[in-house]
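All chains are identified by letter, namely A, B, C and D, in their written order; residue positions are counted from 1 within each chain.
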Amino acid sequence: MPGSNYGKIFKITTFGESHGEALGVVIDGVPAGFELSLEKIQLEMDRRKPGQSDATTPRKESDTIKCLSGFFQGKTTGTPLTLVLFNGNTRSQDYGDIVEKFRPGHGDWTYFKKYNGHRDWRGGGRSSGRETAARTAAGAVAKQLLQTMGVEIQAYTKEAGGIECTQYIREEIEKNPMRACDPVAAEKMMVKLHELMKEHNSMGGIVECRITNLPPGLGEPVFDKLDAELAKAIFSLGTVKGFEIGSGFAAAKMTGKEQNDERDKNGFLSNNAGGIIAGISSGQDIVFRAAIKPTPSISIEQKTMDINNNETTLVTHGRHDPCICPRIVPVIEAMTAIVLMDMVLLQKRNEFVK
Amino acid sequence: MPGSNYGKIFKITTFGESHGEALGVVIDGVPAGFELSLEKIQLEMDRRKPGQSDATTPRKESDTIKCLSGFFQGKTTGTPLTLVLFNGNTRSQDYGDIVEKFRPGHGDWTYFKKYNGHRDWRGGGRSSGRETAARTAAGAVAKQLLQTMGVEIQAYTKEAGGIECTQYIREEIEKNPMRACDPVAAEKMMVKLHELMKEHNSMGGIVECRITNLPPGLGEPVFDKLDAELAKAIFSLGTVKGFEIGSGFAAAKMTGKEQNDERDKNGFLSNNAGGIIAGISSGQDIVFRAAIKPTPSISIEQKTMDINNNETTLVTHGRHDPCICPRIVPVIEAMTAIVLMDMVLLQKRNEFVK
Amino acid sequence: MPGSNYGKIFKITTFGESHGEALGVVIDGVPAGFELSLEKIQLEMDRRKPGQSDATTPRKESDTIKCLSGFFQGKTTGTPLTLVLFNGNTRSQDYGDIVEKFRPGHGDWTYFKKYNGHRDWRGGGRSSGRETAARTAAGAVAKQLLQTMGVEIQAYTKEAGGIECTQYIREEIEKNPMRACDPVAAEKMMVKLHELMKEHNSMGGIVECRITNLPPGLGEPVFDKLDAELAKAIFSLGTVKGFEIGSGFAAAKMTGKEQNDERDKNGFLSNNAGGIIAGISSGQDIVFRAAIKPTPSISIEQKTMDINNNETTLVTHGRHDPCICPRIVPVIEAMTAIVLMDMVLLQKRNEFVK
Amino acid sequence: MPGSNYGKIFKITTFGESHGEALGVVIDGVPAGFELSLEKIQLEMDRRKPGQSDATTPRKESDTIKCLSGFFQGKTTGTPLTLVLFNGNTRSQDYGDIVEKFRPGHGDWTYFKKYNGHRDWRGGGRSSGRETAARTAAGAVAKQLLQTMGVEIQAYTKEAGGIECTQYIREEIEKNPMRACDPVAAEKMMVKLHELMKEHNSMGGIVECRITNLPPGLGEPVFDKLDAELAKAIFSLGTVKGFEIGSGFAAAKMTGKEQNDERDKNGFLSNNAGGIIAGISSGQDIVFRAAIKPTPSISIEQKTMDINNNETTLVTHGRHDPCICPRIVPVIEAMTAIVLMDMVLLQKRNEFVK
């Protein structure tokens, strides 16, 4: 309840700090008897893992998933499925300035205020992006379940460093280090990225996600509308500053005649709704976008305060992602899968009346 | 659980259809012994009520709130507080085409698919914007509680029909029919509105909301981050297509150096975060924006399908808001207040350790 | 969350005080398209209603149920179903001593302590047994849904005033004022009851409940075991002091050999488990018993304290049930039905894997 | 949601199977900045551990607790606290008959029915009593928090094998192998126990629990009454067949005059309520009792069925507790502490209004 759970039937609970013993997730509500592939889970972990290219941090993280419960003889048992990543030995590390100084753009200060002036400052503790590893594992389970229904989820970088993709080539996404849907734009993004890296700076972007083959009828009015749940799930990633679906912010400048999606026998004639109407999936593709802020960890001197309330400055050292987009792509897919799987199971109640 | 509840401690449950007997809300978790003003609740209902100007529908709705429980001798009792709006006699009404034809841009078809082919088509039933009246009532309770802490919430139209406000004058907001923060822009918006009304069309816009005097430390990592909960709450309004906080989508084009908010003794030097860092309030003003789609109910012929799966066309008759912005302003404030009040009560657990 | 909700998918929220405007229940998660009979709901309300015989209070209560939402053209819509009982005009009533004196055996004092010294003392407010009327209405919906699966729930007085039933004749239950399963014992109970009424005293008893035709597989380990949920649901009735299932407290004196239920081709050879093993229904009949305390409202002088912390005495006037058993029978059935319906819908997730 | 969570603010999620990799618990909502003693947690684990005397199974279990998250520099961080027990190498074990035969009195068959015919049969899997180790760890955290308020929880064997304690000597409880409150009775219980062990049989009993120094005002009407939550929590232990509070089942034979607890300046004159009135703590000691069934694992031939639906017989081999009472004592204390801690944090909302 106090924040580390998501979902109602397909319910996940995550735990763990960036440099603590382990990070993990408990999934309660996994349907029993499902032939789960742990290998496929590991593949998603590897997609999120740092050090895949120079678009991501060269930091090494031990991202080998281990299953502690809920899985027996190749199948889910229906009891809580627990997936854990044990961190390597991070104890001897020198944490330097961040023990006493609040890093700009990070949760250091807000955690300090929330949790009685006490926090695990090692690598950002619970507020680290590393926390999303546990979500990725849970999402990989949801994805496998959804695939049995034919549902596919694909995210990709749509824009980064001010460079927008102008074409969508699905098979190119995993081939370029930006996970952009346009290989030409991807190259320009990498040029921009290298420029900023020289300045020890970072850049933001936009990630788009497309869900195909989702049946109509999913989403729970009035508060747990499908778009509301997706908005929450995506905004629960610390790096997200905006979320829009279908026509999104462009809808503000449209008229009703332009925005409404008409229909004929062949289906909808447009998709300004983004696949969700009145909070319920329509059967069209769901398309949403998330605004990703530039990585706050930059090696440029910045003004800040310390825990004794003195003015100071800070340069964040260490190796960080110069752009979060490529590594957040699998995490956005994971959160999307988790939301959808929960909605699929919730909707089963309406099968009660034949 | 299946969608009509929001909140964990300050927990609301809404019910009711647009043209049914009544709409209402049960609030469980209201702190006991609070001197609640029913008059202030009614004032918020009146702000949301239709027929306030020609920017809103001239339709008449019975929006007089009645308290059924949880209130005794001028104070809350701590037991469920129930607020209800009884609908007038809507039985004799002629619903015409909408009984059999799915209105474009409305939830008619998705409700049909979700709920076993059975739905209350009268005035949109549960998917009607009228459902937000119950939220407004609950929000008015939350607002009063938050005011005892000094917290203020103010929403306003920031853009409509493509016209953007270029200044912010708080006291002008409630004086113009658009609830815009700029009276000059408001006049232009009204001109645009009248043009579109002649064409039986409608227009969208952007509503901004500002929260002041909120203490730091609110929000529940990792899933129930304060921005994630606000995103969900605002996206649970059927008319919202986008949500952004602080620098929002503009962050996608910024560098880390530009985005990070530095601090000195006087506080933060900027507010790109929008008052929330790592999902926890920082003590700065919280500023977010919602993209509002144009009203889908337009009196222009549109292609659609009927319940027998035949192609047809539909003209939505009746009186509808040509722009939803002014009436959604109090609803956005209400949802914001509900989110904040829940977070305030959740955070009290951290007072356990002195 | 703070206490007035029960259930996860078939989720009820009750509200209302004994002498307030109304009592009611919102049920979220009712499967859509179900042909609900409001008449059958009213029949259950009538079973619970006071004034049915001299075993119950002659007090008159307005127990006519009204449906405010979630029901259209004879069927459930899948949106929140709201059932309300409006109280008659109770304003002019003289509440006498109970405004300032805490009644022994009642929640007056504990409500005073919990809710900041403020409470609705009219007729016990929220702590009144009248609150169970809302549960009865919700249970009547659950019962109808369960009946489509063949599930039947039957409660009855097993013991009262020290007199135990020695036979079980189902068709006699509704024919005697005690709702006892043994008409001979029922007569003796009535004799005892009349004796105690002359002394202005009251008596307790035991109600047993039997569920038949429930499929195996219901219940959610480890915390939401079926017996744990039934225990909670029944103990949430203010008058219950004990709950046991199957062999119950007698199991304490048994050996493993005696307690274990062996099986052969024809099924279980005994039912000491009471139809639930390891928290999951076994397909056998579920049989549980609840200890009902004697009505605390008695017209005998008792020592107590007043709100100013002075010693005083109190005689509770008014007309009260001399034995709660007969009227709690339909309430126990209702709570049982609510628990089961929720479990039925939760179990549907395991149909995901074919 | 589907069963492995308990609590609303102090929220626990358990996972793990008897012979799987590990068992553990994630606690979300632990107040931040609390000086938690891991040693005290281990002491509670040791109280529950098998092999403490001949009243318990001589089986060896690795019950060394490890903390994976939420704890830093000797204090809780307010983020999820994870406690895990890794199981030793149990892979090579021979599970014999229980792979294909359903053990009488165990959840083998009901798990088989619930979870699509697939289950982890190793040592009972999730339905094993070993699952309570995780609860014990969580309870040990709650206990430490409650102790800062002065709240104490003490459980003990009240009756076993038909022998009842006739005196209560608190300091004797932990000194005898039955954890009985009466050393004389304890000796008789051990004699009975040895008799039954020779017959490869087992015996049941009654455990009583007493809570002292709990402030009034805890418990959440109407469904989450304090007694209802305790009933659920205790009944969520697979071995419990009955629960009663205060006068309990004896209330069925009492009159209102006898049952009501009168009060004067010195407090209540009796405690038939058992410390809870109308679901809210009264400030008196809370006293409840649980009926514990005899261990179902007995080495006597019993009739049962196999997974191919054939009649068969089974002798449960291995080393099992001949009486569960002594080892369930710390588990009952743990569940009680978890319930109380959640209620303490929930009640803090009523401090909002000064």
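In the analysis below, contacts are C-beta pairs under 8 Å (C-beta built on N, C-alpha and C of every residue); 3 or more make two chains touch, one makes a residue touch a chain.
Everything numeric here is computed off the predicted structure, so don't read it as measured data.
Chemist: Measuring between Cα centroids, which chain is at the maximum distance from chain B?
Modeler: Using the mean of the C-alpha atoms as each chain's centre, the farthest one from chain B is D.
Chemist: More contacting C-beta pairs: B-C or A-C?
Modeler: B-C
Chemist: Quick check: how many Å separate the C-alpha centres of chain A and chain C?
Modeler: Going by mean C-alpha positions, chain A sits 46 Å from chain C.
Chemist: Could you give the separation in Å between the centres of chain B and chain C, each centre being the mean of its C-alpha atoms?
Modeler: 38
Chemist: Could you pull out the residues of chain A that touch at least 2 other chains?
Modeler: If we look for residues of chain A contacting two or more partner chains, we find 1-5, 8-9, 14, 29, 31-33, 78-79, 114-116, 126, 221, 346, 349-350, 353.
Chemist: Which residues of chain C touch chain B once you look at their complex with the stated criterion?
Modeler: 1-5, 7-9, 11, 13-17, 20-24, 26, 28-29, 31-33, 66-70, 72-73, 75-82, 84, 114-120, 122, 125-126
Chemist: Give the list of chain D residues in touch with chain B in this complex.
Modeler: 1, 8-10, 29, 31-34, 78-79, 145, 148, 221, 344-346, 348-353
Chemist: Could you pull out which chain A residues touch chain B in their complex?
Modeler: The contact residues of chain A facing chain B are 1-6, 8, 14, 102, 104-107, 109-111, 113-116, 126-127, 131, 159-162, 196, 201-206, 216-225, 227-229, 231-236, 238, 240-265, 269, 273-274, 276-283, 291-298, 300, 302-305, 311, 346-347, 349-350, 353.
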